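Going by the order they are written in, the chains are A, B and C; count residues from 1 in each one.
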Amino acid sequence: MGLKVGELAVKFGCSIVGNPDAEVDHVATLRSAGERSLSFLANPAYRKYLPESEATAVVVAEAHADVVAGAAIVAQDPYLIYARMARMLHPRQAPAAGIHTAAVIDAAASVSEGASIAAGVVIDAGASVGAGSVVGAGTYFGPGTKIGRDCWIGPNVTLMADVHLGDRCVVHPGAVIGSDGFGIARGPEGWEPVPQVGGVRIGDDVDVGACTSIDRGAIEPTIIGNGVKLDNQIQIGHNCIIGEHTVMAGMVGIAGSTTIGSNCAFGGNSGTTGHLTITDGVVITARCTVTSDIETAGTYGGVFPHDDIRNHQRSVARFRKLDTLARQVKALERALADKDNS
Amino acid sequence: MGLKVGELAVKFGCSIVGNPDAEVDHVATLRSAGERSLSFLANPAYRKYLPESEATAVVVAEAHADVVAGAAIVAQDPYLIYARMARMLHPRQAPAAGIHTAAVIDAAASVSEGASIAAGVVIDAGASVGAGSVVGAGTYFGPGTKIGRDCWIGPNVTLMADVHLGDRCVVHPGAVIGSDGFGIARGPEGWEPVPQVGGVRIGDDVDVGACTSIDRGAIEPTIIGNGVKLDNQIQIGHNCIIGEHTVMAGMVGIAGSTTIGSNCAFGGNSGTTGHLTITDGVVITARCTVTSDIETAGTYGGVFPHDDIRNHQRSVARFRKLDTLARQVKALERALADKDNS
Amino acid sequence: MGLKVGELAVKFGCSIVGNPDAEVDHVATLRSAGERSLSFLANPAYRKYLPESEATAVVVAEAHADVVAGAAIVAQDPYLIYARMARMLHPRQAPAAGIHTAAVIDAAASVSEGASIAAGVVIDAGASVGAGSVVGAGTYFGPGTKIGRDCWIGPNVTLMADVHLGDRCVVHPGAVIGSDGFGIARGPEGWEPVPQVGGVRIGDDVDVGACTSIDRGAIEPTIIGNGVKLDNQIQIGHNCIIGEHTVMAGMVGIAGSTTIGSNCAFGGNSGTTGHLTITDGVVITARCTVTSDIETAGTYGGVFPHDDIRNHQRSVARFRKLDTLARQVKALERALADKDNS
């Protein structure tokens, strides 16, 4: 499928410098671009590649338009406009609608017309799949699980009982939603299980990454707001509430009963201890551990950058005596003051 | 199913303040409780919700009984008693016994009467499933895998060859038990595999969380003791031995050949390096890294709490020169002493 | 199957001290070894077990040969030679060739003669499986996925569209290769997806651990070089390039667009931020976070060892005022210098 550069520009409200009749049919990086390719410039460090790029068209900010060798599509937010054009050129491939003969659908489950259910899928009683949704091979839907319209659920996903997803959600392979929260009580002969009967409620336009797990609530549901984007290998504990449009990079861990505001961002392998409240608009840098409530929007960090191993080990050894060092400084200050006074 | 509050109290050895004939049929939090609900108070911070709570009955310690609006079920350990009552009200749903026609069971495998095998399950030769055990959709049992009685194995679980589980074990979706340990030897042309022929031996009443992986031993089996509870996304390396009733929160990583005592507790994303020995009764706080043997029961930590990003970056920059700082302090002490002596 | 010790020695270029006609048929640790067992000594700390070991034969360095009770197989690199002999004694069990009747293979997919496809496998159009390769139960191959000869793909693995593996690759259960990279662009109403159209290209002799995820590239493929060994629960972000023979222990996280050289080693739960370049021969210790390019081969660290919790908390409290402490030291130095000059 080829799209004319001029038509793309009009569709997304961009101006154009160059040939509007050129056609593009795939995306490319500036350096690897060839015929019929669409590229973009978002990071100014790559401006140097513009003059030599063989891209048919490049989405750029106005300041870079004159350097583009092919057609320049001028946008205020080039990355966002690129994303939209790329979705036209590369729509997510939708398999044919219908239920594969090797899927096992309970008689009391409901699959809407136009949904696509792959081989090996198992859907239990009371579950429902909305119109236009796609369910990949080997995926399991527990009793009462509901997904809305136009969702894309990858292969080998597990949605346990009473998990509800809104519309246009994406769940990548290996993800598990609605597994039991980690609820145990110490008895005289060992740990005893505490039933986890809350489900999971997930809004619209939520993405859940590969091998990410979201636990069901202990009593009330775990809640994921509209537009939340979760990368791979994330763990969300029971009873958490994640606010709208919050994003988390890979390997983030949110311990149970934590409430996170909207429009927050968590860097890779950052995390929180449990029972915290974090306000809207908080940015947590990679690997940082949040150990108490955060009431003020802003950026918080905690990562230690890599260091030459010997220097690091020396620093660590000193760190473990840092309290002593601080006391020595205090004593020195006092001794010096005594000298001044004597 | 409704249960009379008075009968519950008697069954679990509790006294009661209020109407013993009231019935409960589900659990609720104090704040969301409505008709026919059972709640509990374990954290005194929530005592303030007792007078207004519409719970039909609340499990509480004696000191709080007089504040309960409905019936008070008085227990020495309210959370434990609540857990037991909740298990009566919300037993884990057991699907009908029998083998689904879309499961594939090797002729040389054994499934006990009363077990339930879902669609898409594949069980290889020599594997056996004990009476009353439930195996979820899409789960795989390798050759010689054995699980005991009344286990609950979720959907999309993988148990590789020669993995043995005791009775009443729970394995959540996406978990992998018995994958190869990470054994490689450097050869002249690259890393060569070292066969991993030990299996995995898991005791009774063990829980394994979603997406958790437990590697098989290199030569002898990896061992998980009775009553161990593992949360989600945990990695247990080959040859580890985990003592009875030890618990681990999500994302803990235990490197290979580490032996951990009984009744230990590991906070979220804590971990150990390999070939360590940790004694009984050790508590490791969240995100802490254990790098050497621990011979004394107690609590050990290592996490850095989040901080304002600029303050954190300043501290980190100083940290990397902490050895120099300590030497400066030493020099100051000497200079001051010289002055005193002069 | 029994193998004569003398024949093993000849086959792998080793000399022998003891009875060459003794037979071994399995591996064992020195302490647990019994009849017909092969063991090894790689770590000198275990030399003390040699005299008492009942192993039929032990692979050792020359210096230890005279202490071996049974036959000593003398090798320059005992662990490597042990690995090779162990692979003869314990070859990976290959199920019978052929396609199980409960597998679902698209008419436009290609499975070579001699490959083994288990029950519940789903292979989409355009995918191909090389000769001698084994695919475990419940595994999914997306459109255009290709694996070479003699690969072993475990059960419940997911390979999404356009993932290519070379020969002799091993992928453990629960792994996901080719899931979407985490590409989102902020729009006026929330995060919008950026299509991830690059695939994944994996070389020969690559191992991928259980529950490990490798994302597809945004535009060009994510690349894993020959001989790379990845343990469990690892996350490799989109657009990464991992050099040949690099190894990573469990729970490592490599953020997107990072290029790592060859023959590097990453300790457990270490990681990098994104868009970095790391040269060849770099060793990153467990839990270390790489936050900037590394241009010099060597070992880099960043982990804080566990500490008594109270001492740790004191150190942390001081750490957060480390900048202030450093300024105090500077002031003291100045005050002392003033004294000297007065």
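Note that a residue touches a chain if its C-beta (ideal position, glycine included) is under 8 Å from a C-beta of that chain, and two chains touch if they have at least 3 such contacts.
All figures in this text were calculated on a predicted structure; none of them were measured in a lab.
Of all residue numbers used at the contact between subunit B and subunit C, under half are used by both chains, marking a mostly different-residue interface. Taking only C-alpha atoms, you rotate subunit A by 120 degrees to land it on subunit B; that is to the nearest 5.
If you average the CA atoms of subunit B and of subunit C, the two centres end up 25 Å from each other.
Across the assembly, subunit B contributes residues 102, 120, 138, 156, 174, 211, 233, 251, 269, 304-305, 307, 319, 321-322, 325, 329, 332, 336, 339 that each touch 2 or more other chains. Put simply, subunit A touches subunit B in their complex at residues 102, 104, 120, 122, 138, 140, 142-143, 156, 158, 160-161, 174-176, 179-180, 182-187, 190-195, 197, 211, 213, 215, 219-220, 233, 235, 237, 251, 253, 255, 269, 271, 273, 284-285, 288-292, 294, 298-302, 304-305, 307, 311, 314-315, 317-319, 321-322, 325, 328-329, 332, 335-336, 339. On the side of subunit A, the complex with subunit C involves touching residues 26-29, 32, 77, 79-80, 82-84, 86-87, 89-90, 92-93, 100, 102, 118-120, 136-138, 154-156, 170, 172-174, 205, 207, 209-211, 226-227, 229, 231-233, 244-245, 247, 249-251, 267-269, 286-287, 303-309, 312-313, 316, 319-323, 325-326, 329, 332-333, 336, 339.
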